[in-house]
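Chains here go by letter, A, B, C and D, matching the order in which they are written, and residues are numbered from 1 within each.
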Amino acid sequence: MIVVMERGATEEQIEHVIARLMALDFSVHRSTGEVHTILGGIGPDEVAPEVFEVLDGVKECYRIVSPYKLASRSFRPEGSVVKAGGREIGGTGIAVAAGVSRIESAEHVQAVARFAAAAGAGLLQCGLVRAAGEAGLNEARAAAAECGMALVVEATDGAQVVRLAQAADAIRIGGRHMQNEALLEAVGGCGKPVILNRDRAATIDEWLMAAEVLLKAGNYQVVLCERGIRTFETHTRLTMDVSAIAAVKRLSHLPVLADPSKATGRRDRVLPMARAAIAAGADGLVIEAHPDPETAAADGQQALKPEQFRELMRQVGAIAAAMGRGR
Amino acid sequence: MIVVMERGATEEQIEHVIARLMALDFSVHRSTGEVHTILGGIGPDEVAPEVFEVLDGVKECYRIVSPYKLASRSFRPEGSVVKAGGREIGGTGIAVAAGVSRIESAEHVQAVARFAAAAGAGLLQCGLVRAAGEAGLNEARAAAAECGMALVVEATDGAQVVRLAQAADAIRIGGRHMQNEALLEAVGGCGKPVILNRDRAATIDEWLMAAEVLLKAGNYQVVLCERGIRTFETHTRLTMDVSAIAAVKRLSHLPVLADPSKATGRRDRVLPMARAAIAAGADGLVIEAHPDPETAAADGQQALKPEQFRELMRQVGAIAAAMGRGR
Amino acid sequence: MIVVMERGATEEQIEHVIARLMALDFSVHRSTGEVHTILGGIGPDEVAPEVFEVLDGVKECYRIVSPYKLASRSFRPEGSVVKAGGREIGGTGIAVAAGVSRIESAEHVQAVARFAAAAGAGLLQCGLVRAAGEAGLNEARAAAAECGMALVVEATDGAQVVRLAQAADAIRIGGRHMQNEALLEAVGGCGKPVILNRDRAATIDEWLMAAEVLLKAGNYQVVLCERGIRTFETHTRLTMDVSAIAAVKRLSHLPVLADPSKATGRRDRVLPMARAAIAAGADGLVIEAHPDPETAAADGQQALKPEQFRELMRQVGAIAAAMGRGR
Amino acid sequence: MIVVMERGATEEQIEHVIARLMALDFSVHRSTGEVHTILGGIGPDEVAPEVFEVLDGVKECYRIVSPYKLASRSFRPEGSVVKAGGREIGGTGIAVAAGVSRIESAEHVQAVARFAAAAGAGLLQCGLVRAAGEAGLNEARAAAAECGMALVVEATDGAQVVRLAQAADAIRIGGRHMQNEALLEAVGGCGKPVILNRDRAATIDEWLMAAEVLLKAGNYQVVLCERGIRTFETHTRLTMDVSAIAAVKRLSHLPVLADPSKATGRRDRVLPMARAAIAAGADGLVIEAHPDPETAAADGQQALKPEQFRELMRQVGAIAAAMGRGR
């Protein structure tokens, strides 16, 4: 922690700040400059700079050590590869999950799994609306098993986690729950890989801090997923932050996916953003698909038709090859 | 729903859109213009415009009826007054809740209740960290009861709601949980007033839609609370959207509070934003307070000291009086 | 400048950074920590942190001295009062400028001046569309003179400045031109007070840096004006950043106005935001007005009618009195 | 224009709106529904919806015809190819401009031109600081001519345009000047191609409207350039809006470039964003480069070194090939 005192801060103010730093277990190094006195504190990483910024005589305050440690690149410079049900995320290839927003029937989820697997997708990601419940989960398992896909299911409540972790190959935490600490801790202890979506208003640091909670709870199989941030541009629902993909690959050792379906909210915008994500260095994609999107029970407008899904796989494969990656 | 077809849309495309509208229970009125064919559909309010926007030949689509009904001003043009434990929110006076981020001990919450009540605050709002649990709840009840304050507690999980509703005078839903449907439905059926914080990335429409879920579930005692949105400006953590206060008072009959402590995240920025909120028409405030913020267990940097709380009440009272409102 | 080296930065990398700091006229203090080596540099304020952040082995970099000096509060702790044509901005009273977006005729600008002055406005601010030119300027001067108002005119081009400064009491720089350096320098040397609008995408620091350019050019009569920032909320065109008003009053000695007409873009949203601005500590307002807004040549939707203008002056006066300020 | 009246709007209010529409040259079609009366108006495209939204009894208002016409895709469905000094932008290949932020000497600009041209860049884009002036322009011309590159120079003032258009192959308008109407009109009549940067706070519609001003002034050789928008994420200076590239290719026939140097502000972030832009469908790139960025007179932190520039050209070429485009 570096605390910069204001020009003209009194000796009493400076000593009060030093006392506060020490009370919070920082060791302090004082440097008295011509203009500003600067206090360098070494101590617990999680203390927020605002704690000192509101003290009298303080100009501003910086945290020089990242608030996340286990999630940082320096923790594992070679990068992590996460394995979900035998499928690699973060390896040399590109991982693609076909997304099913709501399971309508056994036939529906089976149809998606079949055409997606045939096109090369290795994962099946399902939202489990409360209504679908156990039946939906079994239908999804059967479909994934038939097609040799790894099954990812969404958890929205800590109480579901044990059961979901038992049945599926990986758990997804949606953006809305990115900072739901009870859920993060439950998933952190569940023993299965996690896909952690970025909240639409989360900075990259907040996103990595949420990953840190999972890692601290002992789950090292964490995959990040960029799915759009809220900006002033309303042409699409959210704005996919492609630059965050490249940034996170540098800051962290964790694999990164992109979800252009959720980011754009419109099927006619998914393809170029899928290509861009891979070109920026993403380790894979989540792409919503439906055998007949116009009749979908939910989110049909952002689901690809089978032929669109196949074309996406073809084009994304070409970009991946240009990046020196297989699929 | 108004669907504007592109210049040059084919007859086949137009008829496909009409068929989709009718399949979703819309009655359709077609208007063929020189440039654009326009389809007006009357039907279910909750269908999203994107459902039609992705169809071939469609230029754009507007929902002309607000997606919320029970929350809209026209539902109750005279405005609503919510009563929590005998305290009015939305009446002629200004309601102020003293906020306690984390209960540290019976003495701590009692101290806040005492100085806040003495300064004129009628509500006591407590975050119940899981650790504090039942003990914290009882301490908060005792403190509120001693000082004649209404008690508001935060719910983060549907499973807690029955117990909290039994013990407290009102439930708060934090911004992070604004779109947590399971929680909204549990609180919607709990029989106690609700304070619904705006998510930091939620548009006003999304916020009112969340309120609509509560109202639809049968809970008409809903209070809105603005607590800052995420913008590019980083001078404070969030940017309090003062204009949303005025906007929501026009769009909805529900009372509106503002929480400048959460919005700014710094105690030295709370006072002017509290005055501004009241001047913009807010029905009250949530102000975090602590007997000795520098030693607070959590969020001390945004809690006012007792003398700052008193000064805020004095200044806010003067603004309220200038607005023709008491306290 | 504080440069934090990455964990594991090599000695060679550290020495390269030191050499770069010294090449840019910084004197360097090195502090070798257990985890991070930190370099403190004292030197020219205007060097951007990114200059060092892109060097190999650098983790991050902070500028500890504000990039603006003359605009900072510490330069003149008691605050500045600017006088335009005998009218004070930043004194104990509240300054109100009636805004005319486009001068339609001598009668038009005269009518605005008359009803605004009668309601208590002391300044008349006019946009001079190129078409209006010299004739419009003369009409505006006559109207202001008749009503005893100070005249503010907008400059959009360095070449206009000498003439405008001769004819008017103050110059306004619109938000779009906030970083137009040629214009800032011309206005900086013109000898008349300036009102500097915030660009809709400018941080507070960027805004104060633009003011610094004016001050450095020798013009100390600078007034800031908040007129809305772009956020994800589209309910109004821009979002008036009320918190910036309070922030700037602390960071800088310069007076601050607010322009709720430009910020909201709709006359039915102007009044509450005008009250909020004054309650947050603004030194005055710019309020667009028109004798008959529905027939206005430009921006009629954001101009107040005469009776609305009078009502605003009455309500703003009450808030100002509650703040202990006259009008 | 579609005007939706509020539930309960009076007949008098409806007729007033109709009168206002007709006064502004709209022909009106009235549709009286069970809940809402809707008025459809056909008339001038440039009237803003807010003009009607502030009238009593109006709920909301939509403009169903895009405010831009000449810039829209339907105006030239096959897309436009712009030729600058013999170089195509928007054809089958990818166009790359090497960017020089500030010309330091004849040798400096010559060095950039040489290594960039050798790596395959066909355009040389120079910022002409006022100081550099005519000398810098001549040095840039000589360097471009020697290497067979097309020369693009930035214009910041209408008065410069005639001279610059005479000397260069194309004019660039920076984002800050995107809505500077005097400049747009001067460039619109200059007879040379234009590269129009997006303002960091401009919506896609505002950007295309600025292009429309150029087209209306008779200049059909317009190229758009995405260079980052301001969002809450501060990891890089701006956030490159990759989705805007794909969106604009659909909405408009104009070619689109991306400038990842300006968007990220850091040379270590340029490469992945360059690949992503091409994968999203951009017609080319602007990439700042310098023989020795650490000693650059301006913006060195965002300029690539020669070997980085060559590597970027290699990788971008591979992505372009995967897209079926040459370079």
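We take it that a residue touches a chain if its C-beta (ideal position, glycine included) is under 8 Å from a C-beta of that chain, and two chains touch if they have at least 3 such contacts.
All figures in this text were calculated on a predicted structure; none of them were measured in a lab.
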By C-beta contact count, A-D versus B-D, the higher one is A-D
Taking CA centroids for every chain, report which one is farthest away from subunit A. C
Could you tell me the distance, in whole angstrom, between the mean C-alpha positions of subunit A and subunit B? 27
Could you please state the distance in Å, as a whole number, between where the Cα atoms of subunit A are centred and where those of subunit D are centred? 32
Distance between the centres, which are taken as Cα means, of subunit D and subunit B, whole angstrom: 39
Show the residues in subunit A shared as contacts by 2 or more other chains, in ascending order. 201, 230-232, 234, 268
Spell out the part of subunit C that touches subunit D in their complex, as residue ranges. 20, 48, 50-51, 53-55, 130, 156-159, 176-177, 179-180, 182, 199-201, 230, 237, 265-268, 294, 300-302
Sites on subunit A touched by subunit D in the complex: 201, 203-204, 229, 231-236, 239-247, 263-264, 268-269, 272-273, 275-281, 318-319, 321-323
The residues of subunit B that touch subunit D in their complex are 2, 4, 6-8, 29, 31, 33-36, 38, 40, 42, 59-60, 62, 64-65, 74, 230-232, 234
